[in-house]
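The structures come next, written out as C-alpha cells.
Consider the two complexes below, in which chain A is the common component and chain B and chain C are the respective partners.
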Partner chain A sequence: MLLDLSEEHREHLAFLPQVDSAVVAEFGRIAVEFLRRGSNPKIYEGAARKLNVSSDTVQHGVEGLTYLLTESSKLMISELDFQDSVFVLGFSEELNKLLLQLYLDNRREIRTILSELAPDLPSYHSLEWRLDVQLASRSLRQQIKPAVTIKLHLNQNGDHNTKVLQTDPATLLHLVQQLEQALEEMKTNHCRRVVRNIK
Partner chain B sequence: MERAREPLLDAKSGVTNQLIDFQWKLGMAVSSDSCRSLKYPYVAVMLKIADPSGQVKNKSFEMTIPQFQNFYRQFKEIAAVIETV
Partner chain C sequence: MRPLEKADRMDPVSSEERIESGSASTKRPGPPVQKGFQMLADPGSFDSNAFTLLLRAAYQSLLDAQADEAVLDHPDLKHIDPVVLKHCHAAAATYILEAGKHRADKSTLSTYLEDCKFDRERIELFCTEYQNNKNSIEILLGSIGRSLPHITDVSWRLEYQIKTNQLHKMYRPAYLVTLNIENTDSRSYPEISFSCNMEQLQDLVGKLKDASKSLERATHL
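And now, the complex of A and B:
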C-alpha cells in the first residue's frame, strides 16, 4: 500500500534535502520526541537560527516528517511500499535510506503511542466496599437488612470518576456469578479459535 | 393606597428547586475492604429534588451520628425561629 502525499506535505518535506543528513536525523529524533511528549515550539526557533531559515520552514519540515512517520506506522506499510512512497519525492539515495531507517527504527513505538489515541470508555481503577446493616428507615423500624455499598473508581481519558452503588448480598452473588461466567467464556473453543486466528 | 405586591421569589415561584421527597435510613457498617470489623452507625438521606424545569434528580448523602445531631439541631433552630415569625 503506497502513501498518498499531498501537495502541501511534499512542499514541507522539500526542506529536508536542503540540509545535512545529520540535521534530518536530528529532525527525526525531535519528531519522535514530540510524539512522546508533545511539541515544543522553542526548538524550532533555535534550529531556524542555526540553519538560517525561518522557524516556519523548520516547523513544517519536522511536522512533515512526523506525519510521514505516523501515517506509515499507522498503516504498517512494508519496507518496499515505504521506499516507493518516498521515491516520488525525488530525494537522494542517502536521504531515502535515512528516512527508511527512521521509519523502521521507530514504528513500533509510534504504533504504541497511536494506540493510546483510541476513544476510551470508563475503565476500572479500583473498588472500595462496605458491608452495612440497615436498622431502620422512614417507612419501617426494627429491621435487620444486610446491604453491600460499593464505591467504584473509574478512569476515563485521564479523568478520575467515582460511582457509588448499593445492593443486597444475593444480587452481589449473582453479579459475581455472571462475571465468572463471562471469564469462563474465554476458555470455550469458539473464543479460543477466534483469538488464535486474530494473532 | 398602594396594593401590596406579590413577592417575586417565593417557594412556589418556579425559580428555585423544589424538595419533593425526603427519605432516610439508619444503618450500621459492620465491615469494609479497609477494616474488617466495624461498628459504625450512620444516617443516609435520599432527597428527590425537582429543578424549575420540572426535571427530578436524586441526591443522597450520609452523615455520622454527630453530623446528624448537628443537622437535627439546625432544623430545631429553624422551627423555633418560625414560631416567632
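And now, the complex of A and C:
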C-alpha cells in the first residue's frame, strides 16, 4: 500500500533536500520527541535562526516529516512501499535512505503512542482487598457478617481513579468463576482460529 | 434477667409505624409501649383471639412491604376502640423491633411481659409468635444500614482489536469487564466497566482468588 501524499504535504517536505542530512536527522529526532511530549514552538525558532529561514518553514518541515512517519506507522507499510511512496518526492538516494531508517527505527514507538489515542475506557491497573466481619450495626446487634472490601485502581486518559467496593463471600466465588471462564475463552479453538487467520 | 433500661426518647404514639427505633441504649421501652402493653394484657379489652390477631397484624406491618392500615381491618377487632387498637399495634411493633435488635431471649421477653401484667397464656402466645418471626425480623433489621457499594454480578466481553482510525493492523485481544453494583442507600444500580488485557485479567483473578482462599482459611479458624 502506498502513501498518498497531498500537494501541501509535498510542499512542506520540499524543504528537506535543502538542508544537509544531519539537519534532517535532527528534524526526525524532534518529530518523534514532539509525538512523545507535545510540540514546543521555541525549538522551531532556534532552528530557523541557525538555518537562516523562517520559523514557519522549519515548522512545516518538521510537521511534514511527523505526518510521514505517523501515517506510515499507522498503516504499518512495508519497507518497499515506504521507499516507493517517498520516491515520488524526487529526493536524493541518501535522503531516501535516511527517511527509511527514521521510519524503521521509530515505528514501534510511534504505534504505541498512537494506540493511546483510541477511544478510551477506564482500564484496569490493580486491585487491593481486605476481609471484614461486621459484628453489629445500629439496627441489629450480635452479627457475624463476613464481607470482602476491594479497592479497584483504574486508569483513564492518564488519570488514576480508585473505587472502593464490597462484596460477600458467595459473590466473590461467583466473580472468580466467571472471570476464570473469560480467561479460558482465549484458549478455545474458535479464538485460536480467529487469531491465526486475521492478520 | 433484669428488664431493659428505660428509654429516654419515645415519640408520642402515632399511627405511622417506625421501622427503626431511635434510642441507642433502649433495653426497656418507655411509657407509651408500657401503656399499650398494659391494655393488651387486659382480657376485658382484648380477648385471646383479638390479642393474637393484633400481634399478627404487628408482624405483618413490619414484614410485609405492602402492608398498610388495613392490617387492623379484621371483623374480630371491630369492637375495639380504633385509638386503643392503633396504640397497642404501635406498642407491639416497637417492642418487637427492640427485642429483635438486641436479640432478646425468651426469659427477657417473659420478664418484661410479666411486668406488664400479661398472664401466662399471653406470654406463651407472644413468645411463640416472636419465635416464629424471629428470623425474618432479624433479616429485616440486618438489611438496614449504610454500606459500601456492593458488587452483585460481573459480565465480561472478549474482543479482538483489529484497527482504530489512528492505528491499523493491531491484532490484539482485549477484555471488557463490567461489575454490577448495588448502592443500598440510594437504591441505585450503577455499573463499573473497565478494559484489560490478558495479563491484567490474570492479575485481577489471581488477587480475587487470594481473597477467597483467605476467606476460606478464616472460616475454618
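The rule we apply is simple: the second predicted complex is superposed on the first by the 182 of 199 C-alpha atoms of A that agree within 3 Å, B and C clash if a C-alpha of one lies under 4 Å from a C-alpha of the other, contacts with A are read in each partner's own complex, and residues count from 1 in each chain.
Just so we're on the same page, a contact is a pair of C-beta atoms (placed from the backbone, for glycine too) under 8 Å apart; a residue touches a chain by one contact, two chains touch by 3 or more.
The shown structure was predicted, so the numbers you read here are calculated from the model rather than taken from an experiment.
Trainee: Determine, under the contact definition given at the top, whether A:L152 touches first (chain B), second (chain C), both, or neither.
Mentor: Touch partner of A:L152: chain C, not chain B.
Trainee: Quick one: is A:L135 in contact with chain B, with chain C, with both, or with neither? Answer first, second, both or neither.
Mentor: The answer is first: A:L135 touches chain B but not chain C.
Trainee: Is A:A182 touching the first partner chain B, the second partner chain C, both, or neither of them?
Mentor: Only chain C; A:A182 stays clear of chain B.
Trainee: Could you say whether A:A25 touches chain B, chain C, both of them, or neither, answering first, second, both or neither?
Mentor: It touches nothing on chain B or chain C.
Trainee: Is A:T171 touching the first partner chain B, the second partner chain C, both, or neither of them?
Mentor: A:T171 sits against chain C, while chain B stays out of touch.
Trainee: Check the residue A:L80 against both partner chains and state whether it touches chain B (first), chain C (second), both, or neither.
Mentor: neither
Trainee: Taking the superposition on A as described, I'd like to know which of chain B and chain C A:V88 touches: first, second, both or neither.
Mentor: In the superposition, A:V88 contacts neither chain B nor chain C.
Trainee: In the superposed model, which partner reaches more residues of chain A, chain B or chain C?
Mentor: Counting residues of chain A touched by each partner, the higher count goes to C.
Trainee: Based on the superposed arrangement, let me know which partner A:L104 touches: chain B (first), chain C (second), both, or neither?
Mentor: A:L104 sits against neither chain B nor chain C.
Trainee: Can you give me the overlap between the chain B contact set and the chain C contact set on chain A?
Mentor: 127-129, 131, 137-138, 147, 149
Trainee: Which part of chain A faces chain B closely enough to touch in the complex?
Mentor: Result: residues 127-138, 147, 149 of chain A touch chain B.
Trainee: For the complex, give me every residue of chain C touching chain A.
Mentor: Going by the criterion above, the answer is residues 20, 24, 100-103, 138, 141-142, 144-145, 147-156, 158, 160, 162, 164, 166-171, 173, 175-177, 179, 181, 192-196, 198, 200-205, 207-212, 214-215, 218-219.
Trainee: In the complex formed with chain A, which residues of chain B make contact?
Mentor: So the residues of chain B touching chain A come out as 22-34, 41.
Trainee: Considering only the defined contacts, which chain A positions touch chain C in the complex?
Mentor: Result: residues 74-76, 111, 114-115, 117-119, 121-124, 126-129, 131, 137-143, 145-150, 152, 154, 163-169, 171-176, 178-180, 182-183, 185-186, 191, 194-195, 198-199 of chain A touch chain C.
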